[in-house]
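Consider the two complexes below, in which chain A is the common component and chain B and chain C are the respective partners.
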Partner chain A sequence: MNSLIPLFIIIPLATAFVIPIIGKLTSSFAKIITPAILLILCYFSISFLLSSNQESYIVGGWQAINDIPIGIYLVLDGFSKLILCIISILGFLVSIYAITYIKEYTSKNNFYALFCLMVAGMNGVVLSGDIFNLFVFLEISVIASYALVAFGVGKKELEASFKYQVLGNIASFLILFSVALLYWQTKTLNIADISNILKTHDSTAFLTFTQILLITGFGLKAAIIPFHAWLPDAHSSAPSPVSAMLSGVLIKAIGVYVIIRLFFNMFVFTYDIAVTITVLGALSMIIGALLAINQKDIKRLLAYSSISQIGYIIIGFGIGMMILSKGGKQSIAVLAIAGSLFHMINHSVFKGLLFLGAGAVEYRTNTRDMGQLGGLSENMPITSTTTLGASMAISGIPPFNGFFSKLIIIIAAVQANLYVLAALAVIVSIITLVYFLKYQKSVFYGENRNFKKVKEVPFAMSFSMIILAILCLGLSLIAIPSVREIVLDQAVNSLIDMDKYINLVIQH
Partner chain B sequence: MSLIVKKVAQLITVFIFLYGIYIIVHGHLTPGGGFAGGAILAGAYILQILAFGRDPLHLKKKETGASISESISILTVLILAVVGLFIGTKVFFNNYLPSGKIGELVSAGTIPLYNILIGIEVAAALLTIFLALIIYKEEIE
Partner chain C sequence: MMVYILSFILFLVGLYGIITRRNLIKIVISLSIMEFSIFILLVLIGYIDGGIAPIITDQVINPTYVDPLPQAMVLTAIVIGLATTAMLMAIAIRLYRKYGTFDIREIKNLKG
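Our next item is the complex of A and B:
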């Protein structure tokens, strides 16, 4: 299975450059090949997830000298397997949805090429075991996303994309700066090697400075609250399939994933850093939800809700870090981290579905204003039902998946004696319910004034939404211990056990 | 542009072009390489376009050509890298060609090939960006 790892980068990258050439000859090539390759990647990633072997791959065959890695490493461990699965499954469903949705835009080939490029970049970030290479892949995926956000080329889209580019470039600068600082200090770029060297170092002010820079940089990419300004514009102005990808996968793969990977597997985190991350998470959870209540634009509301849900994911990891750095009970830390990972999977499913549903509404009515919409549940039964399912999942109503993941995070917070955090998580969950009830009422229920003749969306669009709605219910099965062992335990173990990751790379 | 500008641009372009090629093919021996040389090549093209008129239709054709050669060169890089999966130690980006003598022009295995392809890619990409900007300006006017 060894030689299959680079395929996750080769296949989407090659497709991204084949599309502009062959797409000039036949117009239907792009929309067939993109779902096809993502289906293949789905198959590979799921078979990786189900198998238990974890391995590293040396690009170019540059073997380690005296146990010091010199080449570029691709590392496939439990955590990256899980994220690869999320990327390919959501990418596949979104690309099918896009077949019909993107018809109203010009230059469809460019859309698919950029889409594949974004997927290639995200796969690269997730697989890379080398901090500079990680930066390069991160730039590939964000530059593709800048172009995709501006795909509508209207005034609003261009403004959103510009804002996104300015803040994104500040983030990239901070990340590159901290990579340079780390290289200066440790003389290596390999994550496992850096972690090996930092283990013997004492925690200095220099390291803390680098850590803060990294939190700021990746916090900007993940839109944690003080750094969130670009997200509501960018995610609401992009074409809906792209919004689903950005909110569902991109902010996790290049933001949350990298923060967690670097702090669990590279740095020896201190209690202070753990508290900082938890506080940032709690802030985004609360403020994101409060800002979402008053939104009039349906996609803007969803974008703010993304900030709030990313907060949940971050506090789960934060609780785990706080317990681990104090040397507390490992079982509670495992519970918190598992809850976070579970919420990460769930959020990409239901937020993807919500954005696709909002896209379906916009596709038929050409408006995103809640004041004009209303009573669409009779005209669009599939969109209405699937969105209702996703809304209940995101507000944490049993038996949907969101309930279980939030429950696990809250139980972990209570067991760690962080009662305030647990109470806040419950309260924010209720606020989430409030604004999703408002969303449901003003879009699908209530009086239908303006859109009496609207029809249901075509099959390709409803297909993806139905599959995602089934996943919303089906993923609650992960709460059952025997299923959890298959899906989450590998990822949790590879995060908690730092030596495991190092051994994967260095004793190859 | 006046005749003097056109003539001088014609004369200088040749040297710029040759210098770009020199930088690219000596990428594995001297400082510079695919990216730097590619930027110089694009400079030669841009000088030509600046000196000799800007017929939008003609420019659009050029842009299509540039973007296609960009895609093709990147694809060739990927194919060269993937061939490494089947030859020798069977890893991605394997350097499977004989490495030759240090300091000679034909040496270092596949690296000069990558340099040449990256040079084409960078030149085509910079040219595409430049053309996109002036075509946009023509359309507004």
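Our next item is the complex of A and C:
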């Protein structure tokens, strides 16, 4: 089992390099190999999730000297297992969808190569136990995503990509800056080792400065509200399968995941930092939803709604951090964190589905303008039904999965006596319902003026959408305690118990 | 201490450039300035006064070596920086072909 961990990085990385070479000889190589490798990774990650063993892998076999780790470690704990699962499942479905969608573009091989590179980078970020190595993998995945956003090479795509790159580069510099500061203070780069050293330190102004830099840097990558300016452009201009990957997985794997990992497993967080994170989450939740109401472009509306839903995920973790740092009841913190993780899974499923549905509409009608669309439900029944399911899930209507995860977060907020936060979460959920009703009405219902002859999308595209719609319903089962134990409890435990992560790397 | 402050000032110069310049190429140059200020900081962190390059030989007795790890990190980061700058320049040139200008005030299709 031990040797399987690096395969998550090696397989997609090798495929990314092989595709441009072999793809020149046989044109269908790329579109067969990409879903195939992602299916293999799906199998591995699900079997990891169901098994209970957590372990670390030392790259190059550099054993620790005097319990001080010197090599690069790949760490597979509960939290990374969960995110690996999300990445490979959504990646598999999106790559199948892309087979037909990408036909209208040129240089398809490059698309698949970049796609594999992005997956490899994200898997690397999730597995890496070394903070500089994490930065390197992060750059691999974001450089691939810069290129994928500009893949259409139209005026809008290029502009969006440039904007994304400027802000993304600033974020990378801030992250590198904070890595440098952390190394200056602790003289090590291993996350577990840093955490061991910081435990004995008092909280200093230097450390707080580093934490703020890290929140800013990864906040820019995760598009939390004051740093969100690039997201609506980038996510709406990219080809739809890529938008689904960016919104569904990338902002979580390289933004939210890293913030949570570093603050739960590396720093000893203070109450102030917990409040800061919660306030940022609440702000993005509210402002993202308010900005989404007035959008005319369907993919832009979905992009703003991503910001709002990321806010939900962040406040869940924020509540957990606030309780843990004050030494409150651990059961409430567990509830909040579990709700957040649940919402993280759900959001990648329904936001992926919504973007794929928007892509299907654009594929057949060549427009994203709500003013021109309308009444497509008769012509495109599968797209219409699946998108309706996803809309209900995201606005929190039972029995869809979004309802349960939001409910858990709200219950945790009430139990922690944060009534304002709970009220805000309910109100934002209602606003979400409002703009998704508008979305449904102006795209799938109402009068069909311009597109009376459009047909349903081909099978490869509808297949992915149907599977995701089934997942939207099926994931509600995680709300049942016995299922939750299998899926979420490992991840929650590895976040709450700091020593567990350290012991995984430094075996005494 | 002075050198650390100078590298921070260089960082701020780059940030100022990104915010105020209107030309795409100048924005890319400002980003590079910002990037290299961090590289300088990284090298400074590994520097020890009077230290020599960490190559183990028999000639020097009781040597003081500088920390080699930040140097390795800077080399990696420079390679990454090459990739990001190349990507930025490629997009900037494509933008020039579409719009016929490098001025960001004329390139604003996306709003709201």
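We take it that the second predicted complex is superposed on the first by the 507 of 508 C-alpha atoms of A that agree within 3 Å, B and C clash if a C-alpha of one lies under 4 Å from a C-alpha of the other, contacts with A are read in each partner's own complex, and residues count from 1 in each chain.
Here is the rule we use: contacts are C-beta pairs under 8 Å (C-beta built on N, C-alpha and C of every residue); 3 or more make two chains touch, one makes a residue touch a chain.
Computed from a prediction, not measured in an experiment: that's the story for all the values here.
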*chain C versus chain B on the shared chain A, clash or fit after superposition*: fit
_Superposed model, chain A: greater residue contact from chain B or chain C_ = C
*Between chain B (first) and chain C (second), which does A:Ala180 come into contact with in this model arrangement: first, second, both, or neither?*
second
*asked:* Between chain B and chain C, whom does A:Ile58 touch in the aligned arrangement: first, second, both, or neither?
replied: first
_Contacts for A:Ile212 in the overlay, against chain B (first) and chain C (second): which applies, first, second, both or neither?_
neither
*asked:* Output check: A:Ala14 vs chain B and chain C. Expected answer is one of first, second, both, neither. What do you get?
replied: first
*Measure off the angle at the C-alpha centre of chain A toward the C-alpha centres of chain B and chain C in the combined model, and quote it in steps of 10°.*
40
*Touch check for A:Ala229: first (chain B), second (chain C), both, or neither?*
neither
_Tell me the contact category for A:Asn169 with respect to chain B and chain C: first, second, both or neither._
second
*Between chain B and chain C, what is the tightest CA to CA spacing in Å in the combined model?*
7
_chain A positions touched by chain B in one structure and by chain C in the second_ = none
*In the complex of these two chains, what residues of chain A are touching chain C?*
132, 136, 139, 143, 146-147, 150, 153-156, 158-163, 165-166, 169-170, 172-173, 176-177, 179-180, 183-184, 189, 232-233, 237, 294-295, 300
*In the complex of these two chains, what residues of chain A are touching chain B?*
3, 6, 10, 13-14, 17-18, 20-21, 24, 57-61
_Complex contacts: residues of chain C adjacent to chain A_ = 11, 15, 18, 24, 27, 31, 34-35, 38, 41-42, 45, 69-70, 73, 76-77, 80, 83-84, 87-88, 91-92, 94-95, 98-99, 107-110, 112
_Show me the residue ranges of chain B that touch chain A in the complex, using the header's touch definition._
64, 67-68, 71-72, 74-75, 78, 81-82, 84-85, 88-95
